[in-house]
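Chains here go by letter, A, B and C, matching the order in which they are written, and residues are numbered from 1 within each.
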């Protein structure tokens, strides 16, 4: 029914002749927008036969994100290889009109160069951003660090660690204790200190090795917020190197990796 | 029990000797206050043997409302014909003390000229406003426009249309397509456009005829907000004439009609 | 499991050697912090073999609180007699990390003189306040007023009374009618008056005697807010003397008494 309405209401956009026409559940697109919106307002979305890929870095160049959505994340995926500059906040507004898993259609209008977003009776014609005007993401191959330890834990446990640190400081030390095989987040405030330590059954998995670095709590919060509840998050850690957080989206058909640069220790 | 408490607690107001004593479920009165409060802070409420009637126009004279509550909407309706000037916000405060469908008693105190509002143990003595000091509503018979089309749709569908327009602009074109028998709301923003189109099973009924006018989105939102969820809303439309929105309240014992003047097209 | 994690994570605080180590459900501690936080930011908490006792007065010396938690409110209660100066807001922050009835451990670190707060993997080291720097509470024995009437009612009924008064004024008269055996709260605003009257089955108990005093509505709201839903509240009232509100916490293992000074009548 919703699909039928869509077909009827978008006849002007002629998806069949569009160089890019994809349909995905609203929830999948919302997660993608949340993940990217944690760091940037607009981004370059690359479409090719394998799916959609986005790489972006926040304006302060402290954190980067890499998002992949395979074609399996889409109900329809009919694209010629191309890159679109997408304004995330406006796309988020449109997606807020969808309920649950309503199918959302995105079609590039070859004449207007706009993105036609259609969901259950609603047609939204969105002006795109010139991809060349968007900051180039870093070459991720250059960011291939030697991680010393890795941890897999529930999204909720990671959130607790970050909330705990946030009570006392703007900076948190994130690390792994080799002895005890524990994931440890600590923060030192002006008067109070906090330490959140997870080991054994509180972790999904750990490859322990002594490692710790200092990170901005505000960034940790920003990266933690879009992680879907119930997810398992994989962390790769080292000493004075970026923290890597990765998790799956779209029932495994999508993959997100955040990298967060360490702060220089102030104490 | 609540009723007994009420009888006991309001003995001073002597409802039996009051020239006006009505009792209605809190939910009914709250809806009425919401409907009127969308446009005015105070209003003239006319009581007669058929029930209660209010006509009012917002200070900018862009929108008007006509509300009727039949005696069937009340548990008790014992009034001499008269008009009260009611401060809506204070009445809303008192009604917020009632839960669910608590019976609320309104009695005019013949000595103090105040309205005694009683609900479950609470007596609120409300100073009324001089009805002559309240802006005269327009003579609604003069506002008898030649509507070209009419649409009946679910309140939720209308809300979606208005929310969609609100994403891109302060003005929305509301109209009917004769061919396709569709209800269409469109809005043009600085960069993006939006179109919400409903036809067939997405509408309850339509009497299609080419018609469209431009309206303020802020007013559409204000008029849409008090419409009870699950209601059917009847729209009467034309070209460059006011939009009429009407719906039932109080399980059919009440009727609301809003009229919203068109804006002059700016593009 | 949570307990096991706790034992492991707090090994550095050596609770066994601490002069003070208690464990209580998070909900119990949260209620205590809410009750005290209504009046003060920090307070002197006295521990002895019978349990925990706090007496405090708000900075404007208008209201005081007395809180007792018996040892039965604790899962573990192993203390040497002493008084701690506790910063309530920071303790509230830590407790917000606990879910439901998670056991929370408080242990005084004999070396750092800090309070180690531990809950499910989280260790928070809290700097205490010098008890001598905290305002001395009044000697409560001097505040032994001759109350004339007493009322027991549900927390929700008291809240309604206070909300009702708050609609029209900053001051409310709280009293008891001897005839009619009723608890009555009245308030007079610039234009409107309100009266909330409870008697018979709307009260749990009443020992009626003519009595009434005027109180600040803001203070009544502050004292009412932390009262746990579903509680019975005992009021002791007189004429131009403080109002006493008392209620149980921690399933009867704790007791709270607030005393609120009357305002001089302004009308």
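Going forward, a contact is a pair of C-beta atoms (placed from the backbone, for glycine too) under 8 Å apart; a residue touches a chain by one contact, two chains touch by 3 or more.
For reference, the UniProt names are A, B, C = DNA polymerase sliding clamp.
As the structure is a prediction and not an experimental result, all values here were calculated from the model.
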Chain-level touch network, classified as line, ring, star, complete or other: complete
Interface residue overlap between copies chain B (DNA polymerase sliding clamp) and chain C (DNA polymerase sliding clamp), same or different (over half shared): different
Rounded Å distance, chain B (DNA polymerase sliding clamp) centre to chain C (DNA polymerase sliding clamp) centre (Cα mean): 44
Junction residues of chain B (DNA polymerase sliding clamp), two or more chains touched: none
Residues of chain A (DNA polymerase sliding clamp) touching chain B (DNA polymerase sliding clamp) in the complex: 1, 5, 8-9, 90, 93-94, 97, 121-127
Residues of chain B (DNA polymerase sliding clamp) defined as touching chain A (DNA polymerase sliding clamp) within the complex: 157, 160, 163-164, 167-168, 191-202
